[in-house]
Amino acid sequence: MKIGIVGVSGYGGSELLRLCVGHPAFEIAYVGGDSTAGQALEQRFPALAGHAAGKLVIEPFAPEKISGIDLLFASLPTGKSRAPLARVAKGIRIVDVGGDHRFVEGWTYGLTELPGQRDKIRGAARIANPGCYPAAALLALVPLLKEGLIEPEGIVIDAKSGVTGTGRGGASDFGYAETNEDLFAYGLESHPHVPEMEQALAQVAGRKSTVAFTPHLVPMTRGILATCYARPASPADAKRLYAAAQACYRGEPFIKLVPADQGRSAHTGWATGSNLAFLSYAVNARTGLVVALGAIDNLGKGAAAQAVQNANLMTGQPETAGLAGLPLWP
Amino acid sequence: MKIGIVGVSGYGGSELLRLCVGHPAFEIAYVGGDSTAGQALEQRFPALAGHAAGKLVIEPFAPEKISGIDLLFASLPTGKSRAPLARVAKGIRIVDVGGDHRFVEGWTYGLTELPGQRDKIRGAARIANPGCYPAAALLALVPLLKEGLIEPEGIVIDAKSGVTGTGRGGASDFGYAETNEDLFAYGLESHPHVPEMEQALAQVAGRKSTVAFTPHLVPMTRGILATCYARPASPADAKRLYAAAQACYRGEPFIKLVPADQGRSAHTGWATGSNLAFLSYAVNARTGLVVALGAIDNLGKGAAAQAVQNANLMTGQPETAGLAGLPLWP
Amino acid sequence: MKIGIVGVSGYGGSELLRLCVGHPAFEIAYVGGDSTAGQALEQRFPALAGHAAGKLVIEPFAPEKISGIDLLFASLPTGKSRAPLARVAKGIRIVDVGGDHRFVEGWTYGLTELPGQRDKIRGAARIANPGCYPAAALLALVPLLKEGLIEPEGIVIDAKSGVTGTGRGGASDFGYAETNEDLFAYGLESHPHVPEMEQALAQVAGRKSTVAFTPHLVPMTRGILATCYARPASPADAKRLYAAAQACYRGEPFIKLVPADQGRSAHTGWATGSNLAFLSYAVNARTGLVVALGAIDNLGKGAAAQAVQNANLMTGQPETAGLAGLPLWP
Amino acid sequence: MKIGIVGVSGYGGSELLRLCVGHPAFEIAYVGGDSTAGQALEQRFPALAGHAAGKLVIEPFAPEKISGIDLLFASLPTGKSRAPLARVAKGIRIVDVGGDHRFVEGWTYGLTELPGQRDKIRGAARIANPGCYPAAALLALVPLLKEGLIEPEGIVIDAKSGVTGTGRGGASDFGYAETNEDLFAYGLESHPHVPEMEQALAQVAGRKSTVAFTPHLVPMTRGILATCYARPASPADAKRLYAAAQACYRGEPFIKLVPADQGRSAHTGWATGSNLAFLSYAVNARTGLVVALGAIDNLGKGAAAQAVQNANLMTGQPETAGLAGLPLWP
């Protein structure tokens, strides 16, 4: 199966490249990217020297001209994929890792573990991969909403991301010296991921959902932790929350539940380089609020690995093909 | 004015040492610490070689024997200061940076900027310094509660701390390789700082307060950010919140308000090595929740610098003596 | 092929576990480790929950009792493997990642790319894996010595390592706060890796070699860079050095040469999680000294991945089995 | 005494600002910088809100128009200060932290602790501050050359710097994700600091000196460690080396010797935010090479703090004015 990657020089594109090089069924036949066009991949990724893929030359992104591949991964900055991807040949499947097609007509939302979503993805030709923050938060919250254990309105999602969440284009704003040993919230006024989260939550809840979302930038390269607070529909019990997640994710290969009553909860560092999501649940003793935590690698389940999972489903591969490796630790 | 520091080898004690060496009126006359007893200070702190203070020998902590000082800073692990500090001579003023005397009879709570607190500190002989998390959260929330702008119950305090917040005794659990590139929540079941926060908030609000507190460990050395979410008493307005903080902290030398509508909010990295607290306010558009942010250096306003501020008040020094230096950046 | 890992909870052991779980021919049938004995692997490594290997229980290390495996990886602290490994059944092949058997009679030195070493490893039952510092330095220096381009005496090896090089037992000395934002040299008087390097260099040179070795601790989790300075046998030329390395490593799947005249040289970050070694060469214009650089992942080519490469050779697997994945970047 | 700072938004300029705000005799009367011209200082440095200095507006750098100050600190990128500084009024003293005037006629080299240099600085109106790498290396090597203990030719200086050494202009090349967890050498072909080092070493030695200099980028914000290797003039002895440094630096307030035979040597983290230099000496047992180590804060002794020390001398202040604070640790 021949695949292509456009935006291959960004953080998400680089991770797609790594996963596709290691994929048993994918052969990389096209790589595109405007800022690095003309370079051989091995120039950009010295580890590829000697690999067949290393000789591929990064092409300027000309969507009409792409041919000879079955599936295209697009990892472009938000706002940059809608127009060009409309010009890609219909016969080429697309997984858009960027933000332009989420909850857009004709595109299927690609968070595989959402109830009922897997089958829609299997039959789809156009997948909009979830945002990295939504992936972490939705996976934690959905089981609770599905069973009506929490109120869908007024959910607080306090999320923390490593620096690659900003995209490589933003690197100049996130110099090492400025970012190291610093921590701050941003997007207090608005964030493009909010409608995506509210829409997905509302679909599961069957009614309107509102979220107060605060993203934070943390001095680390990879990882997102979403700490979510919700009002219980009736007085909550941590075991009941955990059981809801167990029921929701039974058999899911990439979801790992971490019982919070054993002295530890989901760590981002447990997911590095993988498609795993770690989820924990607690009830706050003082307020009765439900606390749901989701930890992922923002470039893994939050981007490239989720995209490969979707591509596997779309092309009839085993769902875990190319994604079975353990996370890197430490 | 002669002062002493017990627990001088811990993170908080080391920062007290730095601030006291640079203080225009304090002369360090006693240093104590069990784990490093017998070492000269310059052995432990190579930068002190050549300083008069460098020749001081760290003494085993024998509280009854301490004499010849006017004030003792105690920076001991929680649970380790109550018994020994009771045996310190009455004539020696004490600032306890540890957690054993907060809201304990006979001890004054040492968060200087709380309404009415400064005068109590001036006359006190025994000060319980605030916890690092409470310092960040209370400074952000208090102006809003004081003016009745938020509900005191059901406040969410999602707080993130650098590693020195754990204390040096915990260093073995927080090896570099385990902590770097990782992020997690802890204390989901309970945390000793919760009663401290609820008590202080209730005093300001004039009625019961409850908080859902979730601390997180962030891979950085210093810094705490408290992101607080509260229900507004009536529909909130960011300008009104900001005005309340302005009114509450008018003339305060260590409080810096950062208007969130200018595209940035409080950064922990702006406070490194200082007694400053940066505060920002927003109203979440989707839920109407009030978002209040407080960023400090956990070893500064969250521990040692706040302790020096208290000591200045207790001993009639200018409140900013020894604390006027700018933060280290970057 | 059934394999075992003893010392599975250390940094090296954890990386062996990751590589063996992903290996196409290895089945993990035994895991041992004294400090964590009794725990299931999935307790220690949450990502293993759901894997068959996750159910394995870490056994106290009783070498006589080990059976039913073809090969044992030992990743124990230096000084802790000699006695117990002598009691492992003769029929079980051993790769000792620790330092006790290097240049010891009956053990084959396991740096595969050394001239002539591959064949010795193929036939061996007992392999002493190279130290992490020697792996980086030897790979850089050997091609130059082999062709007589540098003098084997008086070589300076200035090496820099991430924190996992110290081993997990040392984590308590390397707390995050102490290690972050710090850099220092250690072992100025002596280091156990020196005889290993001198012996290997002398074998290649055919005469005595002496090295001035200075290791440094760098605030990062993984990675070693060895910057080596040697006197040229006759006036040196960077192209000639590069050509020597090309000739020496032709066809080697894990060695990547980075021409230093194109504005960049070997980065440790290019090797993370892989068995790759990046090598660069230059001639210093002012002194004529040869500069040879080797960059590896200390847990990869410097420990676990090199061990798997050796195990592949010993057991007749393809040499790259389980090691073909690209490094993690960023 | 009124002073000005041009290049105030860079890393060096920011540190100059911090030191000058805390200086007992300096009043900041001018700040300049092209990229941030028009901003008030408190916009750029939120900690300055409320300070008198915070109201100063950053002016576009027009050297002819500067007046009303006694001394100007210039912290501009290399190549950007020569032309404009020639147009500053003669009556204004200048300390150029940048690289354009080192060993240039009419400018005095401002490494205060070089033998005989202090008196030259006292009488000078134009000071060229040393480069950050040279400061670390020269302080370590000079005592040995002065006493003829090492050969001045063929000295290896393997130096490691935190990221602020690259200057803020380079921040876009040193994004957090690219720099964290990576380590590499650069400038293998040539580096502008080499002539500066060779010239200063030759002056002390009284004859030609050549150095092989290899700088490395280390994932930390501040700090430089220079590990220097030199051939002994006659068989060396560590105590003798140490005694030479003691003799050379007797009474120097900013030089701290760390005896390497007590199990530790100079750490960069001991100098953070200060003007201190830590020096250690050893003799390599295998090769007889002398190893000299110098650790500084590249923005402290390597830039801004050294500049303030020079300004103190030039203006008749106590040499340690504004520089007596202890380093920040941890």
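So that you can tell them apart, the chains are marked A, B, C and D in the order they are listed, and the count of residues begins at 1 in each.
The definition used in the following text is that contacts are C-beta pairs under 8 Å (C-beta built on N, C-alpha and C of every residue); 3 or more make two chains touch, one makes a residue touch a chain.
As the structure is a computational prediction, the values presented were derived from the model and not from experiment.
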Which of B-D and C-D has more C-beta contact pairs: C-D
Centroid-based (C-alpha) most distant chain relative to chain D: A
Distance from the mean Cα position of chain D to that of chain C, given in whole angstrom: 37
CA centroid of chain B to CA centroid of chain D, Å: 34
Multi-partner residues of chain A (at least 2 other chains): 11, 162, 164, 177-178, 180-181, 219-222, 267, 272, 330
Complex contact set, residues of chain A against chain B: 153-156, 158, 160, 162, 177-178, 180-186, 188-190, 194, 198, 210-214, 216, 218-223, 225, 227, 229, 260-261, 264-269, 272, 280, 282, 284-287, 289, 291, 293, 295, 330
Chain A residues within the chain D interface of the complex: 11, 162-164, 168, 171-172, 174-181, 219-221
Footprint of chain D on chain B - complex, ascending: 11, 14, 17-18, 21-22, 45-50, 164, 181, 221-222, 253, 256-258, 267, 270-274, 276, 278, 324-330
